[in-house]
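Look for chain A in each of the two complexes below; its partner is chain B in the first and chain C in the second.
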Partner chain A sequence: METSITATCAIRGRQIFLNGTLLFEAPEDTAADLSDFLIAGYRHFGVSYPKFFKMDVLSKLAFLTAELLLPKAGLQDRLRPADIGVVLTNRSSSLLTDVVHQQSIAEPASHFPSPAVFVYTLPNIAIGEISIRHQLTGENSLFVTESFEPAMLVPYVSQLLAEKSCQACLCGWLEAGLTGHEAFFYLVENHASPAPTPRPHRVPDVELLYSQPHYS
Partner chain B sequence: MSTLIEQLKGQIIQELNLVDLQPADINPDAPLFDYDGLGLDSIDALELTVILSKYYGIKVTDPAQMKKAFFSLATLAEFIAEHQSAPVAA
Partner chain C sequence: MKKIFSMASSCITPLGFGTAATFQAVQAGQSALRPHWFDFSDESFCAATIDETPLTTHFTALGYAAHQYSKLEQMSIMALRDVQAQFSEPLTGPDTLLVYCSTKGNIAHLASGTEQPVAPALYLSHLARTVARACGFAHTPLVLSNACISSLQGVLVAKRLLSTGLYRHVVVVGADEVSKFTLSGFHCFNALSRQPCLPFDAARTGINLGDAAVALVLTTAPATSAEAVEVVAGSSTNDAHHISAPSRTGEGLYQAITRTLRQADDDTVDFIGAHGTATRYNDEMEAQAFHRAGLQEVPLHSLKGYFGHTLGAAGLLEAVMGIESMRHQELIVSKGYETCGTTLPVRPVLQRGPARLRRFLKTSSGFGGCNAAVLFATTA
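Let's look at the complex of A and B:
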């Protein structure tokens, strides 16, 4: 079955793009801290979901990217929750939160590990937050890889769609680590998608979209 | 008691990352675990037990008794007042 990329959303540096269009650019003073930048984006887009503030930065990054991509795609109007999958990859796993948790237990005299921090010491919790928000119950996975690898991700997602494990899949790269952050999500659907300008779901196309977030 | 309630408001906002809330927004008598109140969840309940230990030196040994204590900010303050033996540095 032919599959298509029907939408993209990227958060890089202090900029947020939807389908190649720059939607939001945070002031430099806000962008110095990733959490502050993501909260600024959350407020800019008028999102209302109080649990966002309790999330770690990886989940905040995932949540905001999906929040901009999924409602506009209208998937939930066309598909059952079980037909929408999520497959993400990243390099640093949940390292930033792991460090926060480790620091909270480093000193036996002030040993107060936070349950709210500990719960985010797995990267696939970010997928859980997306799934809870958008009521997605389809196949989901998070793979830790050295870099964004369309050559691995595209065949995997194509197989999910081919064997009808899902009819659409939110895919991409979700990285928040010691050296920076980046989210690049794209939506893959079968050929019946109503997107006006779908792109083939092939490795070169994903590589092009990833390397050129301004592309539309 | 009102001082303790105001102190708890600040600690809950900080420890539970309720950054959109101001202390004045929290009704001491509103249910903590209800969307008509603060809308806290099970992880927040664990955080509350950490607050009790960290700031008030109270170890929760009987989770069943916490259902009543965790009903509202006012009941939590009452529980602390009854069980706190000595102040713990914040």
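Let's look at the complex of A and C:
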């Protein structure tokens, strides 16, 4: 069956792109801290979802990327929530929050772990946050890879769609680690979609979409 | 659709090194849960841990230098070497993929403070590569980290990858260890039980944690022995409800179960391997889901009373024990259960005994709202 990529959204450095077009660039002074930058993006796009502020940075990054991608794609008008899968890949798992939890338990004399932190010490919580927001109840997986690897992701998602475990899938790369952050999400759909320029769901196409636009 | 068979397994647990030893201990009614003291509390908490001395002795006998590998790596390598020795074909060729499933990997080695460099072994892909290299796998392993459904989801992922024809064999590993990191987290959630946990029981007060590494070989090679078990169907879902609390109606798990049974030609289930963590909310949610799926009369067990909750390893450990239960045609007692503790009653197994067991449904649920169900069946 023909499957196609119908939309993309990327957050890189202090820039946010939708379908390859730069939509938002934070001033340098707000971009030093990833959480501050994501909050600036959230405000810029007029998103209203108070739970956003409770999320750790990995979930904030995932949430904002999905928030810009999914409603515009109009997927939920065409498909049931159970038919939309989420498959994300990441390098550092939940390391940034792991470090915060570790600091709260390192010294027996100052042992104050918080449930609100601990729950984010799993990378798939970010998928949970996206699922709650958009009511996605289908197949969901988080793979850990060294870097974004379309050669691994594309065949797996193709199989999910071929066996009809889902009709569409939110896929991509979701990384927030000690050396930087990057989100690149794309939508893959089984049916011919109304997107003006759908791309075939193949490894070279995903690689091309991922590499464009170049960092400014 | 290609048929997928499970052909060899190994469980490295406090109850035994190997599937046979572990199953035998379970059927003898042994539990690995013991009181342990941790520096964050004056009280003891039960946990099921593997003693390092016998582990290292066994590991060293395989020809490795123990100081070069973490405890979790040693456990994982032992499980893999065991299945490699059992399986009739080599698992080190380009037709074989390793799928490594863990929630926290080597997290016990996380040093405090952001200024310190993080050891490479803390990255899950580094851990998986270390294990894969030690066992001679040809490909870079695929790593899955999906909370407490990780390794049951790993079986589903393996089934899909085998269906693509890209691989002939996929070895799934589930591995996690008890650490202060996870213990203190569950403690602050008020989810830890001081006593051995009591899944589905009225007196249950929470979970215990445990160590385990489990390996299972899945293959599209034709089943050569009557002991082969088919991975018939499976599904995963998300509750889309709450990141840490299970759905009150069991909706996500119910959907995973019904989608799994719909995929199968025959929706008969002879017994259920429940998640059964022994928290109030989890067991209640599962009872709701089993009732909604019409499975309330099916015998079920939770194995947390033997092994504690082994997090990312739990789904695969419990799947392998369920497969052994079918092979031996013998039910496993749901240890710790006496009095019904869920609003809707379920049927935890009270007595070990022979039974005709051909089809086994394994379910798991986890943080992030994820659920998975997999149906296994004997081929004989």
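Following the convention adopted for this analysis, the second predicted complex is superposed on the first by the 211 of 216 C-alpha atoms of A that agree within 3 Å, B and C clash if a C-alpha of one lies under 4 Å from a C-alpha of the other, contacts with A are read in each partner's own complex, and residues count from 1 in each chain.
We take it that contacts are C-beta pairs under 8 Å (C-beta built on N, C-alpha and C of every residue); 3 or more make two chains touch, one makes a residue touch a chain.
Note that the coordinates shown come from a computational prediction; the quantities given were computed from them, not determined experimentally.
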{"item": "Simultaneous placement of chain C and chain B on chain A, clash or fit", "value": "fit"}
{"item": "Chain B versus chain C as contact partner of A:L23, first or second or both or neither", "value": "neither"}
{"item": "Computed vertex angle (chain A) for partners chain B and chain C, CA, steps of 10°", "value": "80"}
{"item": "Partner contacting more residues of chain A (chain B vs chain C)", "value": "C"}
{"item": "First (chain B), second (chain C), both or neither touched by A:P81", "value": "second"}
{"item": "Partner chain(s) touched by A:F53 [first = chain B, second = chain C, both, neither]", "value": "first"}
{"item": "Partner chain(s) touched by A:L142 [first = chain B, second = chain C, both, neither]", "value": "second"}
{"item": "Which of chain B and chain C A:V119 touches, first, second, both or neither", "value": "both"}
{"item": "Per-pair minimum CA distance [chain C against chain B, superposed on A] in Å", "value": "6"}
{"item": "Touching both chain C and chain B, counted on chain A across the two superposed complexes", "value": "113-115, 119"}
{"item": "Chain C residues touching chain A - in the complex, by the definition given at the top", "value": "1, 39-40, 103-105, 107, 110-114, 118, 122-125, 128, 140, 142-147, 153, 157, 160-161, 163-164, 166, 180-181, 184-189, 235-244, 251-252, 255, 366-370"}
{"item": "Contacting residues of chain A [partner chain B, same complex]", "value": "39, 50-51, 53-54, 112-116, 119"}
{"item": "Sites on chain B touched by chain A in the complex", "value": "15-20, 39, 41, 43-44, 46-47, 50, 53-54"}
{"item": "Residues of chain A touching chain C in the complex", "value": "81-82, 86, 91-93, 95, 98-99, 101-103, 105-106, 108, 111, 113-115, 118-119, 121-125, 127-129, 131-132, 134-146, 152, 155-156, 158-160, 163, 165, 178"}
